[in-house]
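In the two complexes that follow, subunit A is the common piece, with subunit B as its partner first and subunit C second.
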Partner chain A sequence: MAFFDTIKNIDRRVIFLFIALSVIVPLLFNVIFPERITPIVQKIFDKIEALPEGSRVLISLDFDPSTAPEQEPMVDAVIYHCCQRNVKLYVMALWGAGQNIADATINRIITTHFPNKVYGVDYVHLGYKAGNQGLINVIITDMKKMYTTDVNGTQIDSIPMMRGVRSLKNMDLIAAFGGGFPGLKEWILFAGDPGNIPVAGGVTAVSAPLLYPYYPNQMLGMMGGIKGAAEYESELIRKYPDFEKMPHGGLEMMGPQAVAHVVIMLFIIIGNVTFFIDRKRKTRAN
Partner chain B sequence: MQRRALVYLIGFIVLILAFVISMMARDSAVLEGFYITFGAFLTLCILSFLYKDNPFYKFAEHLFVGVSAAYWMSMGFWTTLIPNLIGRLHPPAVRLFLPAVADAEPNYWYLIPLALGIILLLRLSAKVGWISRWSLAFVVGTTAGLNFIRYMRSDFIGQIYNTINPLAVYSATDRSFMAMDSISAVVVFFGVFCGIVYFFFSKEHKGAFGAASRVGIYVLMVTFGAGFGYTVMARISLLVGRMRFLFDDWLGMIN
Partner chain C sequence: MKRQVPLLITFIVGAVLVVAAFIPHNPFGRLGENFSLYFDIIAVFAFFLGGGNLVRIHSGRFFRGLKFYFMEIKKQGGFWPLKMLIAFPFYAMGGIEDRRGKDWFFSMVTLIGFFVMLWAGLFKIGNPGGWQGNVTAPGSLFQDFFMYVFTPLKATMYSLLAFFVASASYRAFRAKNKEATILLVTAFVILLGRTPAGYYVTFWLPDTLSFFQVPNLANWIMGVPNLAGQRAIIVGISLGVISMSLRVILGIERTYLGQDKD
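On to the complex of A and B.
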């Protein structure tokens, strides 16, 4: 019984230490588990795979560094896939920090791995604009009302790939990444539904349960948290083996994730057993 | 008071050091190394709160709040006010920053948002602060109007449409019965129905109605459980992200 008393009064910092070890050790030993793609992620993969060359894909990065570890692997995988399929990428952000994240992502994926892609012809960075869902509401009818220039100050009409793009309705797919406000939900409500534009994307795991009801009628597909990113990466490796040479954060993070989940479940079981034993002892004492 | 002075002192020394090193470092690799080390220091400052509250945590927290506020203000100014307001009202004024739009025709309709913006800032004055309510009323009214239509269509009608599906699903190609999809449709329909019954308080929860209400509770519990599981995954992902930064980017220990 002394053991249960110790467990009952365990310092929370001991639990923190166990969680830290459960994350650090698998990271150091590079523990990676195999992943299988689920239908909700497969739909996004299949859609991009089926896009003809030159199709237009809008990528909206609606997150900041606080959730970047979860979202960046999804964004990297989708942008890599789009570049492989030779589709035109229109990158923008509804969050202020998204603009710098987009810069870093373009540099990390497109400039490094696809040096033959030309800015303004194959991809464009439209930057951040304030306005949240109001912004989407404007650009669904006229993009130039909000975007007079790209992020570098180049006039929008002089960018070759902007010719023929009047509004969001000219996009073949909207891929939005971000679970906060504004995020994927606002893209569904203010662009996907009224404009009949396919909307997909990735969200933080916290937001994922709230977005499942939109699948499959209002949302094409969704990557929920790092698990969704890992599934997409595993399918990408299967189809494009070269992707394995790149850093694939989703798969790398799922190892520590799985071990940490086991540790948390063990603590939940220990906590419950201790609670019931303690209650039984109190009942007997009375 | 001594504790606050200590926080200020630590913050002042760290910022001066950061500024001096970033000015002195000519080599970009050295500068990048310094930034990563500074990032690692701030990460450890924040994580130190897990042990207990301390001046290092307070310093990192205050720095984060200050930098975030400045970042948002700067982004709003350079990405929205300059190109979308000043660039539209008086294009030559932005020639230095956006030469591409400097020769465009002015659009004086943008005087309306300019006026509303100035009125909003009058809130800073105790005497005429009440006028700012006009701008606020415009913002609230427009947002409510926009959201009402979209939420009504997508969240209300759209969700009803998504719920009421055929309970027996047949393949579109060979008309074969799809068992898993049918089970999914039945679970969604009865889950939503029982969930709504649980929140219906005009009738006592007894008999068949009470049974449906109890099933509704279980549906809600499963939903909360899924939400909790996803939240754990999200938080662990962030921890893994920070640990990767410390052990890979900073210490280079991960192969």
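On to the complex of A and C.
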């Protein structure tokens, strides 16, 4: 009974310790599980795969460092895929911190792995602008009303890939990353729907259920949390084996996440077993 | 007059934006675009307001705490300037606490963080492109602070959730009644379905029973019951937003103007 009471009144610090170990150990041993792509992620992959060379893809980074570990692998994978497909990338942010993340991402993926890509010809960084959904509302009709220069202060008209881009309607795909406000939902409501532009993207696992109502009619596809990123990465590896040499955070973090989930489930089972035993004991005592 | 003008502006802007959504032709289309642009310009001022407010609140708290600390040390007598320097770390960490100076140390940290980031960003310290360059260019002090201070701090704060979620799940997910049992089973399927373990547990099921494979069950939960619930919530929220917007546009709802008196 002493053991039962110990389990029943388990200290939360013990749970914390188990969770810490379940994350640290798989990370140390680089535990990677195979992933199978689900239809909601496959649709994004297929769309980018089907884009002709020179198509325009807008990438919006609408998150900050708190959710970056979950969302950066998605962004990296999509940007890598777009670069492989030779599409033009227009990077921007609706969140202030998104500009910093965008710069770091461009440096990490495009500059490092695609040195032949030319700034202003193959990709451009438009930076952050205030206004949330109001910004989308303006650039859906006229980009230049909000973006007169890029993030470096270069005049928009002198950037070769901005020629012919009047508004968001000239984009072939909007890939927005971020489940907060403003985020993927605002891109669907203020750009995708009124402009009839395909919108896809990625959000944190906790935000994913809120966006299911928009799939598949208003939202092309969605990556939900690390699992979504891992699915996309596994498909990328299958199609572009070179991607395996790159850091793929989604697949790497699925190991710790899987073990942590199993540990949480074990604790839930323990909690329920002790609950039923306790209830039985109380019934007997009465 | 103080209330009539804002009410009039709200009515005109709100009405024009509603009309512009249904009749996107000029003059409504152009007016709608311009109002959206004004909104973006006004949004920029929110940063000044936010920054100013942060400095006002935290500097007040900081100076109140500092004043109290100074008086405490001076009261003790002796060579107080030296005492003040030695005792500062203990005091700052909460050694001497008082209602008047509570948490002032955190306000000091907030103010230092704010002004250091402002200095690094405003003067583009270490920016490879100089004054003309991008403030977040790799190599700039602002970007370094962001990458090596702000990012780990924010990620750490968020990742703490994992521990609390685990602890809360252990205590809350109990099959106490029918509803709680349904919630428990759903949580189990989703937790398992979101990991490769879900596949390995049920991959042996024949194709005719593939629906019962955990990943497929998890997808079904997300795509059917979750979807239905979310849609109902969205419809409810939208109706609420419409009625609230009408109240604001027509001037019935005035709480956004501050105190309800002329």
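FYI, the second predicted complex is superposed on the first by the 286 of 286 C-alpha atoms of A that agree within 3 Å, B and C clash if a C-alpha of one lies under 4 Å from a C-alpha of the other, contacts with A are read in each partner's own complex, and residues count from 1 in each chain.
We take it that a contact is a pair of C-beta atoms (placed from the backbone, for glycine too) under 8 Å apart; a residue touches a chain by one contact, two chains touch by 3 or more.
Keep in mind that what you see is a predicted model, and the values were worked out from it rather than measured.
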Which partner does A:267 contact after superposing on A: first (subunit B), second (subunit C), both, neither? second
**Prompt:** Of the two partner chains, subunit B (first) and subunit C (second), which one does A:148 touch, if any: first, second, both, or neither?
**Reply:** first
Exercise. Look at A:33 in the shared chain and tell me whether it touches subunit B only, subunit C only, both, or neither; answer first, second, both or neither.
Key: second
Answer with first, second, both or neither: which of subunit B and subunit C does A:277 touch in the superposed model? neither
Touching partner for A:138 - first (subunit B), second (subunit C), both, neither: second
Does subunit B (first) or subunit C (second) touch A:103, or do both, or does neither? second
A:7 in the overlay: touching subunit B, subunit C, both, or neither? Say first, second, both or neither.
neither
Is A:67 touching the first partner subunit B, the second partner subunit C, both, or neither of them? both
Residue overlap on subunit A between the subunit B interface and the subunit C interface 16, 19-20, 23, 66-69, 97, 99, 127, 129-131, 134, 137, 146, 153, 205, 208-209, 213, 225, 227, 257, 260-261, 264
Counting only contacts in the complex, subunit C reaches subunit A at residues 33, 36-37, 39-40, 43-44, 46-47, 129, 132-134, 136-138, 143, 146-147, 150-155, 157-159, 162-163, 165-167, 169-171, 173-176, 184, 187-188, 191-192, 194-197, 199, 215, 219, 222-223, 226-227, 230-231, 234
Listed in rising order, the residues of subunit A that touch subunit C in the complex are 10, 12, 15-16, 18-20, 23, 33-36, 38, 64-69, 97, 99-100, 102-104, 107, 125, 127, 129-132, 134-135, 137-138, 141-142, 145-146, 151-153, 205, 208-210, 212-213, 225, 227, 254, 257-258, 260-265, 267-268, 270-272, 275-276
Per the touch rule, the subunit B residues reaching subunit A in their complex are 50-51, 71-72, 75-76, 79-80, 83-84, 87-88, 97-101, 104, 142-143, 146-147, 150-151, 153-155, 158-159, 161-162, 223, 226-227, 230-234, 236-244, 247-248, 253-255
Contacts from subunit A onto subunit B in the complex sit at residues 13, 16, 19-20, 23-24, 27-28, 30, 66-70, 96-97, 99, 127-131, 133-134, 137, 146, 148-149, 153-155, 158, 188-190, 193-194, 204-206, 208-209, 213-214, 217-218, 224-227, 249, 252-253, 256-257, 260-261, 264
